[in-house]
Amino acid sequence: MKKEQRKKLPRRDFLKNVLRSCAGLMLPGFLFAKEAGKKAAALLLDGLYNPAEHSWGMGIDINKCIGCGRCADACKKENNVPNVPFFFRTWVERYRVFENGETLIDSPNGAVNGFENLTDERTIIRSFFVPKLCNHCNNPPCVQVCPVGATFQTVDGVVLVDAEYCIGCRYCIQACPYGARFLHPETRTAEKCTFCYHRVVRGKLPACVEVCPTQARIFGELKKKASPLVRFMRMNKIRVLKPALNTEPRVYYSNLDMEVR
Amino acid sequence: MEEIIQHLAPLLKEISGYIYPNEIELHWGILVVIYPYITGLVAGAFILASLVKVFNVEEVQPTYRISLLTALAFLFVAPLPLLAHLGHPEKSYEIFLTPNTNSAMAMFGFVYAWYLMAVLLLEVWFDYRESLILWSQHETGLRKWIHKILSLFSTDISEKAIKFDKKAVKIITIIGIPSAFLLHGYVGFIFGSIKANPWWSSVLMPIVFLFSAIVSGIALIMIIYMVVTPLRGKEIDMRCLNKLASYLFYIMIIDFSLECLDFIHRIYESEESIKILAQLVSGKLFVSLVVIQLLMGMILPLGAIAIVKIFNLPDELKKLIYFLAALLVQVGIFTTRWNVVVGGQLFSKSFSGLTTYKMTFFGLEGLLMSIFLLLLPFLILYILFKILPPWDEARVTG
Amino acid sequence: MAKFKEKLNWRFGWLWFNKEKVFMKSWQKIPEQIRRLLVLMVLLIVLFLIVRSWLIPPDCGKYGHYRASAVDNIISQPLRYAGQVECGDCHEDHMEVKNAGYHKNLACEVCHGPAADHIENPDEVELLAPRGRGYCPLCHEYLPARPTGFPQIVSDSHNPMKPCIACHEPHDPKPPETPRECSACHAQIARTKSISHHVYVPCTRCHETPEEHKIRPRDFRPTKPQTREFCGGCHATQTPEIKGIPQVDLQTHGQRYVCWQCHYPHLPEAH
């Protein structure tokens, strides 16, 4: 028995080698490519950050948001988003519901310069701010529609865009129910919130969370016990945006109003 | 970048209600309107051609080869508007390298390649092979070589081989009909599968697209046939034209019913989005949807053809009415595409505001480019007519 | 090598060496036109496969249907905001003050701007702090949408022309004097009340407010009237009538509820 097994193994190895060398002769690109890939993915592989150990999400407490817009401002600065009122990775909306049931929503320049008090004769019955950003859906429609695989969800749940590979077809922008994506006017590729992935892998908070004065934005792990986000979700009634679309967002709102879409 | 900002800045004033700040830039413009319009013409023209081969409709035989070549000419142009609208046209090949199998748009590569290679080119080749060989035997110079290369240096014109060609054409046509359905149905699916957009998201979308495609294809062949035949100094075959008009009429009725069904269904279900869609239809889309698409592009030509069918009119008047009706149908179907593509982006996904589309004149995504792309297939068709004359008298004598 | 060739012939030679020439014969049997198409098709497919293998990104499909190196591109983006922790390394004194005051949860970079460059190169890159009246109102200007209890002012009437920092130390922004009036924080309520019939009723008439509430607002909360009889002090039919004050019979009117569960005392309806 043992002898037979020993004999088999080299033969299998031999076959493997033959296959490999054949493949190498025919498609030299493949081998080099694999090496290049290894080099490229260095930071993640060196053990500085292991995506499999994390699962990110964000909580937003509407009752705490003061509408200062520092998040929208910091996001533009951190991520070099063009400082014009057409492109936003995050923004803050103001809702004013009047006694007659009419609702007015505004977000002047995405709240980068904060909000001004608008005089309106009518009585406001309730009013509040809602920060918006990419929902990093677990069932992301943008990833589903990308024809080339230039947008994807990482192991830790963050939805990212590969700007080098994006062809700029803008199907993902159409498919996003939250208006979270835009076409960068210079690179002509799709862009959106990354949860500040470059900060997160270095153990820092996303810029918007870092600067939020009232902790209305809570960033953290979804699957660890000692996590501010898990506590937030334990202590509050939670809703997501547009739940009927089954996008399964990773951005959770507490005290969300029915007028918010 | 400056250019884009200058283009977008005045749009801020055109917004009514609230739209998400990223929605000010409207992403799919006139080029993406042209794309389904042209693909629709391809599918429609091909389905007309297949009537002759599969259902043995003798009357429309004169338009068989015209339809095939028209479909081919338009299919060559079909990917160009898509290419021009990309942010990075130079990377478009990636869609063939790493197609995301979950993406309706990635399937474009496969459907297009299948339809062009496995259906249209093959059917044209089998149908023309005998003629190509015969032509090249009598010709000299460049034409001889073009025809020789196009026939792939084939020489066999034995009775058995010709019989095989005919059989092949029939089989390809039978495969071709579902393929044409697939080609345009999938274009409808690109829009119909976007759950984020209630104006697009509908199971009926692929079917409505398909039938409007057949409508536009038949109308286009009518126009081409009625323009080309007198130019060649030949008589228009009224039997053929009447038959074409009949098909146009029946398919239009189906198309009209489907569109009505979609409309009624939306109103009856009255979902979350109904208020903003009602605002859209009664406001920004009223002229293009109700006046042009519905009245001018559908009801008027339907009525005109019905009059021709009911009353016995002189042939000359019939031709005029057919021609005008076919032109109106083209305008109507183009606005159908416009209302779907652009209309679907005029309202915010927050369902609380409307925006505006402003077309540029120059540039890759401008009006000039669009006009060029709409004229290009006719230029290609002219060249195809020169290389592969589709006329009956060319078939035998060469 | 010779051995390999022999083996190959032995395995597949029948295709082209044997007397019957099965392969060639069956190839000849295919109609001429199909043969030509087949050759063309095979050529095209081989060409496509070669080009594809040449162009396809090497690291695609490592983790999923995307280029693995895309993640590296994304995380190689430079940081602009350094984070609160970094500031404390040098500015311990400010940090200590700030962490004891109301602004303890406010990151330094909210006011001083992104600091990564400054940390990298402290002498050359200086950070500025807003000194005028423009910046603080981003948070502290009265807006109806702001959550109640958040300290707000109306800048038009709040010491006009004076820069905020003249009275408030931003690192420890406790007011120069503890707010005398509730409206300093509860501007929305104060505004509403000012146009209501209750305009002359002081807040403390209904809310018992511990002194600590002014310093730690969320830990020490003011009270609300707990009985119907409290409002009944003015509004019950049993009490002596004062002109203009509407009165109801507490026995029959809305028995199960405390008054403020239906009526909003800061803006009681006229009817």
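For this structure, a couple of remarks:
Think of it as A, B and C in the order they're written, each chain with its own count starting at 1.
Just so it is clear, a contact is a pair of C-beta atoms (placed from the backbone, for glycine too) under 8 Å apart; a residue touches a chain by one contact, two chains touch by 3 or more.
The model shown is predicted, which means the values in this text are computed figures rather than measured ones.
Taking the mean of each chain's C-alpha atoms as its centre, the chain lying closest to the overall protein C-alpha centroid is A. Set against one another, A-C and B-C show the most C-beta pairs in contact at A-C. Work out the mean CA point of chain A and of chain B, and you get 38 Å between them. One inter-chain figure worth recording: chain A and chain C are separated by 13 Å, centre to centre, where each centre is the mean of the chain's CA atoms.
Centre to centre, using the average C-alpha position, chain B and chain C are separated by 46 Å. Looking at chain B, one finds that residues 97-98, 100 touch two or more other chains.
Touching two or more other chains at once are residues 149-150, 165 of chain A. For chain C, residues that reach two or more other chains under the stated contact definition are 56-57, 60, 65.
Residue ranges on chain A touching chain C, taken from their complex, read 27, 29-30, 32-37, 40-44, 63-70, 74, 77-79, 94-96, 113-115, 117, 124, 127-129, 149-155, 160, 162-165, 194, 197-199, 201-202, 204-205, 207, 210-211, 213-215.
Residue ranges of chain B in contact with chain A, taken from their complex: 1, 4-5, 8, 12, 17-25, 27-28, 82, 85-89, 91-92, 94-95, 97-100, 102-106, 108, 190, 194-197, 345, 348-353. On chain C, the positions that touch chain A within their shared complex are 53-54, 56-60, 62-81, 83-84, 105-107, 109-110, 113-114, 137-139, 141-147, 150.
Across the complex, chain C is touched by residues 93, 96-98, 100, 117, 122, 125-126, 129, 152-156, 161, 164-165, 168 of chain B.
By the touch rule above, chain A contacts chain B in their complex via residues 82, 84-88, 91, 93, 103-107, 109-110, 132, 141, 143-150, 165-171, 173-183, 185-189, 245, 261.
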